[in-house]
């Protein structure tokens, strides 16, 4: 036992001595939380638009004022003619143009019909559609003001409740994702590299011929990363509660227990990677290409899984992070109990066993 | 008498509070094989790195091949060769490619490169392996090749940092034969080593303890002065006084 | 010049002997460009909706059908009680629950107001906003239809009407691939250019050959050029492979000048390789280089404007996007490939990236020491 502690101490020293690696271990989650929390939003606002006002009458003035008063648009100027729109789009800044024809107001008064043209730079299709919808909404609003007297009262009133995230912030969606990714980063990549480094340097053989059992060697490697991961989890949770105002609704003990299980799953995966890689470089490539990318893409926290073709949806089932992501959302945000997540927990548990079994088998083959 | 090839005066290197090399002063003459001995952490590698222009001295003077290392570290580099503990060959290049590469960056002409490569390969007996990746050569051969590459541009001095680590005695003997040949060609050899028996092959040896020079003489006179019959004994007597342990 | 020749010969031999590197170089763009655009689709559709129908009337039936036939929603279930439907949300089976109250039809017939309760799983805020937006539109439409049932057509006064015509330029079919593929190619070139350069130099540090190089009279800038040129060429090759894949797989053909595209990527690669070089001067082991690269590249990617619009970011975040090269290249790619922008349109971007190239490379060269 004493030797085991000495061994763990050595592993801790390896982890904490290298400041650049620590920057990745703790810097990545902190930066992600801050950026996701405060900088990144899918909402579209402050978009630069231009106006081609051929009418310059009271109606177009009213509409333009209405548009300018929203958060969505910044009017970057008036163009003299529609021919200049292409040039404005091509220089990159402008996302949308609104064209009013001559005699807009007179047409509206006398023929009850007038036309507005909206031209969107659809090189970003999401922004284009969203902005177009915004303008349509504003014009519809203007129109209903004009015909206020005609308005029949709404008969169906909708009462919408936004559950779990009433302010529609981005944070609830990604905090569980960042946790899932960081654990994987620490456990799979760091563990596999640290084991492979001992192999590369030849120190692994020294350890294996020592009276120390191989299983203890592996365990001693795993413990520091388990600790670092739990530390990371705590940092992320503290940041999300105190910085992002994202409360933890469920049972904290349950959250930590399933997280420990996920960490063990990741450690087992790291072990498996280490049995398959000969050099540190190889371990890095394997964990990055083989683990990080699938996790970022297929866990559901960046890209919605339900939009993917069936083959990717199918593959996503093999990604541990996907299940953990579901669990964290359920416990942390919805405040659900274990009875709602037992299935996902069981899947993670099963995966852990498979990874351990495979790495033990690979390990034996290697020794023979 | 000719100007010494290496001359140091009070050469010192500090890392913060730690004095790695403490005011060392010595001369090395043309064609001499100069052995540098010391326990791990005694400061011999640091001293050598300063002479090669890899490390800037904190104070003191060092002239190598008539050039001030402190002020013109880049100019020194034309006149020296260097071979470190971790060889300097590219394992994913062939024997011939390594020779060509190093000869090329030392500015040899195409004709010189061609002649030199043929000469070296023949001398090393590597005709069959010329187009083989260095990674697949045995360690002893790699060391010999690394040495040949280090003197491919006929430097005035070559610095060898523990060149014979990890090879068997017969290979080490062959390696020393190459050192003698180079010395006979007028190349000054500056070598650090762990193997105390190798010290006997040197013309003069310098023993460092805790960053200082504790003894500097021919092997014969050192043994005589300390009244012992081998260098190992001399070394242990001096090393016993060391204050700091290995790195 | 002669020295450079020997350095380049050596680098190219090493690169072409490294089958892992070559495999990564060719396979990564192919795989990423095939898979990523499939996954990275933010268009919101397939919203799962559940109904609690307490009315069981012809009207409630008509309403449910109208919602489902809109194409945005998929039926997750019709539950007898709100508790049952709420369970569906908890289990992630439903995104939206609509509760149709008792007497829905009879109250509508007596022209009384009627309330529909909508509950949305808002963990994914964007999806919640878009989904409930779709639903609100449908409800309004339904409302209008009912009104038409009551109001006599003859009683209608002419109403002033603004006719809105909208058009989507450059991408009339609103193809998401056209938007994503050029952006992903940028991330790829960034990763290849930055990471490979950093890893390569750190490897020389680790195996000790860099020390041998440092005792030769080789000039600093020779060594650095000897590293930059091969990886610059590799970067251009990866970019070319990417353009070919974009053309074959997604039918994306740059509208603007391909020569201009290559000109920009050439400048961009110099900047991003300067970044890799800088990383390598600060790291001693591959793991450190990797950690540093990962740390910065993830910020680059997140702030690049590929995943979220830069316009919507707060001021300080926009400042960050101003100093990272990736955001400029993504914009230029879209400008040239999709809109056919010309040289004078991208001059500001070109200047910005050139300055970054000079700063990053200059910093790296200053920081690369042959001596300690």
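Letters A, B and C mark the chains as written, and numbering starts fresh at 1 in each.
What we mean here is this: a residue touches a chain if its C-beta (ideal position, glycine included) is under 8 Å from a C-beta of that chain, and two chains touch if they have at least 3 such contacts.
Remember, predicted model here, so these are calculated numbers, not experimental data.
> Linking chains that touch, what shape results: line, ring, star, complete or other?
Shape of the chain contacts: a line, open at both ends.
> Find the chain most remote from chain A, comparing centres computed as mean CA coordinates.
Ranked by distance of C-alpha centres from chain A, the top chain is B.
> Measuring from the mean C-alpha position of chain A to the mean C-alpha position of chain C, what distance in angstrom results?
The computed centroid separation for chain A versus chain C comes out at 12 Å.
> How many angstrom between the C-alpha centroids of chain B and chain A?
Whole-Å distance between the two chain centres: 56.
> Give me the residue numbers in chain A that touch at least two other chains, ranges are fine.
In chain A, no residue touches at least two other chains, as defined above.
> Please output the residues of chain A touching chain C within their complex, sorted ascending.
18, 20-21, 23-24, 27-28, 31-32, 35-36, 38-48, 86, 89-92, 95, 108-109, 112-129, 132, 135-136, 139-140, 142-143, 146-147, 150, 152-170, 172-173, 193, 280-282, 284-285, 289, 297-298, 302-304, 306-309, 312, 326, 329-330, 333-334, 336, 340
> Quick check on the complex: what are the chain C residues that touch chain B?
Listed in rising order, the residues are 2-3, 5-7, 9-10, 13-14, 17-18, 207-209, 211-218, 222, 370-372.
> Taking the complex as given, what residues does chain B use to touch chain C?
49, 52-56, 73-75, 77-78, 80-93, 97, 100-102, 104-107, 133, 159
> Can you tell me which positions in chain C touch chain A when the two form their complex?
Touching chain A from chain C are residues 20, 24, 28, 35-36, 38-46, 89-92, 108, 111-129, 132, 135-136, 139, 142-143, 146-147, 151, 157-172, 174-176, 178-179, 199, 203, 282-283, 285-288, 290-292, 294-295, 298-299, 302-303, 307-309, 311-314, 316-317, 320, 331, 334-335, 338-342, 345-346, 349.
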